[in-house]
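One structure, pasted below without further comment.
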Amino acid sequence: MYNSIGNTLRLTTFGESHGTAIGGILDGCTANIPIDEQLLRSDIQRRQVGDTLYGVSFEQFATPRHEPDNVTFLSGILDGTTLGTPIAFVINNSDTNGADYNVLQSLYRPLHADRTWEQRFGRRDPRGGGRASARETVARVVAGVVAKSILKTHDINVIATVKSLAGIEISNNATALQASQILADIQQKGDTAGGTITCTVEGMPAGIGNPTFDRLQSRLAYALMSIPTVRAFEFGQGSSAPNLTGSEYIAYSQEHTDGIIGGISDGNPVTIRLALHPVGTIAQGTPCLDRDGNTHVVKPQGRHDTCHVPRTAVIVEAMTALTIADLMITQ
Amino acid sequence: MYNSIGNTLRLTTFGESHGTAIGGILDGCTANIPIDEQLLRSDIQRRQVGDTLYGVSFEQFATPRHEPDNVTFLSGILDGTTLGTPIAFVINNSDTNGADYNVLQSLYRPLHADRTWEQRFGRRDPRGGGRASARETVARVVAGVVAKSILKTHDINVIATVKSLAGIEISNNATALQASQILADIQQKGDTAGGTITCTVEGMPAGIGNPTFDRLQSRLAYALMSIPTVRAFEFGQGSSAPNLTGSEYIAYSQEHTDGIIGGISDGNPVTIRLALHPVGTIAQGTPCLDRDGNTHVVKPQGRHDTCHVPRTAVIVEAMTALTIADLMITQ
Amino acid sequence: MYNSIGNTLRLTTFGESHGTAIGGILDGCTANIPIDEQLLRSDIQRRQVGDTLYGVSFEQFATPRHEPDNVTFLSGILDGTTLGTPIAFVINNSDTNGADYNVLQSLYRPLHADRTWEQRFGRRDPRGGGRASARETVARVVAGVVAKSILKTHDINVIATVKSLAGIEISNNATALQASQILADIQQKGDTAGGTITCTVEGMPAGIGNPTFDRLQSRLAYALMSIPTVRAFEFGQGSSAPNLTGSEYIAYSQEHTDGIIGGISDGNPVTIRLALHPVGTIAQGTPCLDRDGNTHVVKPQGRHDTCHVPRTAVIVEAMTALTIADLMITQ
Amino acid sequence: MYNSIGNTLRLTTFGESHGTAIGGILDGCTANIPIDEQLLRSDIQRRQVGDTLYGVSFEQFATPRHEPDNVTFLSGILDGTTLGTPIAFVINNSDTNGADYNVLQSLYRPLHADRTWEQRFGRRDPRGGGRASARETVARVVAGVVAKSILKTHDINVIATVKSLAGIEISNNATALQASQILADIQQKGDTAGGTITCTVEGMPAGIGNPTFDRLQSRLAYALMSIPTVRAFEFGQGSSAPNLTGSEYIAYSQEHTDGIIGGISDGNPVTIRLALHPVGTIAQGTPCLDRDGNTHVVKPQGRHDTCHVPRTAVIVEAMTALTIADLMITQ
């Protein structure tokens, strides 16, 4: 069941990084939802080249592997609107340069699921990361577009924004340029960088979520911690919450609110924050382990990101939108 | 389904704060697990009076509502060991001073699920917080003892520790005393305080968890964000992760590791960190809203905590142990 | 998860036959449903003594084990109506004559889950049938009363009727008396008898159920095949369906209909039929196997039924009502 | 969730009868299972032309719509064995003669989900039966081949056999010919016929299934009642069970057994029996209703079966194999 997420609106994804195709089935979507084709193209592209921040592009820090990522819908959509039946979609893999990875077949890369995958399943796909590759997230973005289309019919918008890169808080064009320069340095050294992303659900209706276990924040955390490299999840005051007294927190919440009280939305926007670590494949030489525990420094020939964070914002939106839409359809 | 958590080892809890009883059913426990009665008594007490830190007790900051919290097992256990059948347990409510809450029946308390509960379900229990009360967590502690007993047969220990209170990091007796003094001040002002808790799974075996969606960190975040007042969840380097470059993160992880790679445990200890906001019922006067949106300042007669964080550590352990045990039994 | 049934309205039962108590939690019930206390008493009694058919009582063929079966609700109900929170209920076991079963501790009874339970779980409760006892069904009857109370608010009635006993079709007082006489003979010989039951959902609304896999008939079959001794499930024309040509079946369905088309109710009553085998504990001497495969003929001292079918009708109603109510709440 | 079946080994199917493609994802399959390509071709063909019985072919009574039904696996299989990742597969629709169905767009066919689909979802695919078409079962057959491949590694075989057609029990060549002649008559009259199928699980291991609710017979009934036109499900003595006394049933079970005791397999073969009604599209003229309740007799131009039962046996095998394999992987 770990390739599925959602209760009523349920996404199941499939596909190995260097196999025939990546795709999924999104089941449980209500009928008569218009699918925004332009949003689909735009979101697919955001995942490829990353978000532009205050006019500054970060595309040069994204992997040069460029799939065309043409999405074919096989079912569930007729004349641009949903039928209420399962929506199956496929994205063919074309730029699968399997030879890039040959050297890694018997090695375990750091921060990758190479060894843990073997420990869990006993067999690992030797072609690239197999299933445990960030390529899988393209299926999430496609399903996210459908989820956003559902939310749009309720006037709900999900907007993720990169807040910092390589330790630089980005709040205007100057800080965006500063981050870009630092990333250029890091890239030149053959290293990588992480960052932070916030995501706000605007137009969030009251009464969504559950008390006790299946809280709105539980569901959001569950979905967002499934994005590779995410190491921290907060909402509302988040990690600053313990620094306030009760009376201060109440005073704060009278103006801003956390958007969620007791596991249920209160009608105010919900904002979450994520911290992402840098990716573990580094051009300067990645120290890999073999099965005997010896270290081999490998210069990756595969195409990887200097900073994946600008490309991740749209994935954060997708997982958030899928979660909110699922809860709304379930209730 | 929001009163249940877990797939194979599944806990379902019941009970209103001022109803007849609180309890639950823990289904899916393997047979022949010895239940540690002493741990049960100890964990129930930790939830009542809070953990002592470096010799300093924080009991005076816990609510004076003291239930005897005698646990009766109705099924699933014979001669001190599990039968493999559902384990039902009941804790009667005795100290239910319903009159304390009468004034609040038509008011919405801040940071409580009073209004959102009505928005979600249409009917709210007028007796205290009803189901949306921290009293519900006693059932989690009981189930947590069973989960810990399962993990013990695999030499796995789950240990939660209070790391800060009211903004004071606690790492020795002096800082514990300092925190106690600050809490005494806050208590005198009729205010409340939050804090942070870490939780470590020692003896964590490799290969537990899932890639893609149902990752180990997703499951832990899902379970721990269900604890009232938790606002942030991190693991491994957590919110510091974006400050390192890839090569620094790899260097760090060669010595410490995050315990989870690609959603699956790697055999190293897993450590999570939580931030908790202060509780919203404050003795100096709690600003409540009525249905017309007017504010009424209420001095609560109910018995509430100045700082609930030392009492929450054992609940963190329970939710962590239930999550790990469920994943292990499922696999 | 095999002690739970239902998706949104989910029943989890607990309790061993000769343990402290039997009970369950019914989660997901909507708020403000009035619970019919008289129906509860009546349904509990129907399970104890069996249904009267055309004025003829079959109580003398039911087990003389008579528990008071007093139901205590621990949560979820206030002032006779549901709160929307989990409904926990307990029935204490009092008439637990464990000594009756001592001889069977090391033997496997025919048609009982004694050996298969060991094969599945490795540990068997030595007290009576443990969890694998028909006593468990009292929890289903209690939950069934809540489900019926939900359906009543939609003017839906679920009515199960005994159609045959010991091979005698019962359609009037004469045939009921005939069945009673045959059962008296069977009882005298120390033997047991089976029978058939039909169940009709009156007032069934259109549009309930699902196409593809989770069909209304799939859900009903799943729930009803969980009743001990049921060996056949049919709906509509059932096992006679293959004897008609398509044109005949269409002609029939224009007047009567099967109530379900393509997995979804069509607004007509739904009728199902069940065949039950006789119970396997027989007074004349029950051939049991020991662990070495040797047969021992045991005269059971426990109290068992000559014919359990009149007592089963109310259980059939309960499982049907729970299934329909769950589907309606889920949709 | 009604397009998915199974807990750990979970099949999700997609596709409209006259859409782009039919297919599915089978998730949860263990790694390193060799997929039998020849079985795949053979099972696909059995679904197209129906089983030959005692040397007698029934292909002339199957629909002349012949899709090539070429199966493309998109993921989860490498070099003929499973990877342990989701197995996605697609069968393109080519013979979609949509015009055949135009006349039916505003009519409700008898025994079809035309009206109930509208009542359930509000929107119906105007192209043929849309999702509610027997074409969907091709995805089940493909997944069934994977499930059979899993079972084969445990020496378990699932074999379904047509037992009767048009009311004729078929046990040798003479009765098969008799059935064929009767079907020829029915075909000439433009009518249709039903039949019965048995399915046996050979090599069934002991200890599979669950007590209480999720019984082996519950799971089988749930899966098999999802096959279109099935109206009755039995196992073991089935509908004859009530005709025996307890001592007779015990005597029978000492030699044959039902294969399932108390919801759990006992190591003997499990045999189930199904009754299928004739399909509701008949060439002589099908009485359809319009939205105003008026009847229109339509001579279908679409290509339909005189008797679909010989084609259904392989679908029965698929659903049985998926159910057994899921239970085994889950446990």
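As written, the chains take the letters A, B, C and D, and residue 1 is the first residue of each chain.
One rule holds in what follows: contacts are C-beta pairs under 8 Å (C-beta built on N, C-alpha and C of every residue); 3 or more make two chains touch, one makes a residue touch a chain.
Only a predicted model underlies this, so the values are computations on that prediction, with no experimental measurement involved.
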item: Subunit D and subunit C - chains in contact with each; value: none
item: Rotation angle superposing subunit A onto its copy subunit B by C-alpha atoms, nearest 5 degrees; value: 180
item: Chain separated most widely from subunit A, comparing mean CA positions; value: C
item: Whole-Å gap between the CA centroids of subunit A and subunit B; value: 28
item: Centroid spacing, where centroids are CA-atom means, of subunit B and subunit D in whole angstrom; value: 48
item: Between subunit A and subunit D, centroid-to-centroid distance (C-alpha), Å; value: 39
item: Touching two or more other chains - residue numbers and ranges from subunit A; value: 1, 3-4, 7, 13, 131
item: Arrangement of touching chains [line / ring / star / complete / other]; value: ring
item: Those chain pairs that satisfy the touch definition; value: A-B, A-D, B-C, C-D
item: Residue ranges of subunit C in contact with subunit B within the complex; value: 1, 3-4, 7-8, 10, 12-16, 19-25, 27-28, 31-32, 72-76, 78, 83-88, 90, 121-123, 125, 127, 130-131
item: Of subunit A, residues touching subunit B in the complex; value: 1-5, 7, 13, 110-113, 115-117, 119-120, 131-132, 136, 164, 166-167, 186, 191-196, 206-215, 217-223, 225-226, 228-247, 249-250, 253-254, 258, 261-267, 275-282, 284, 286-287, 309, 331
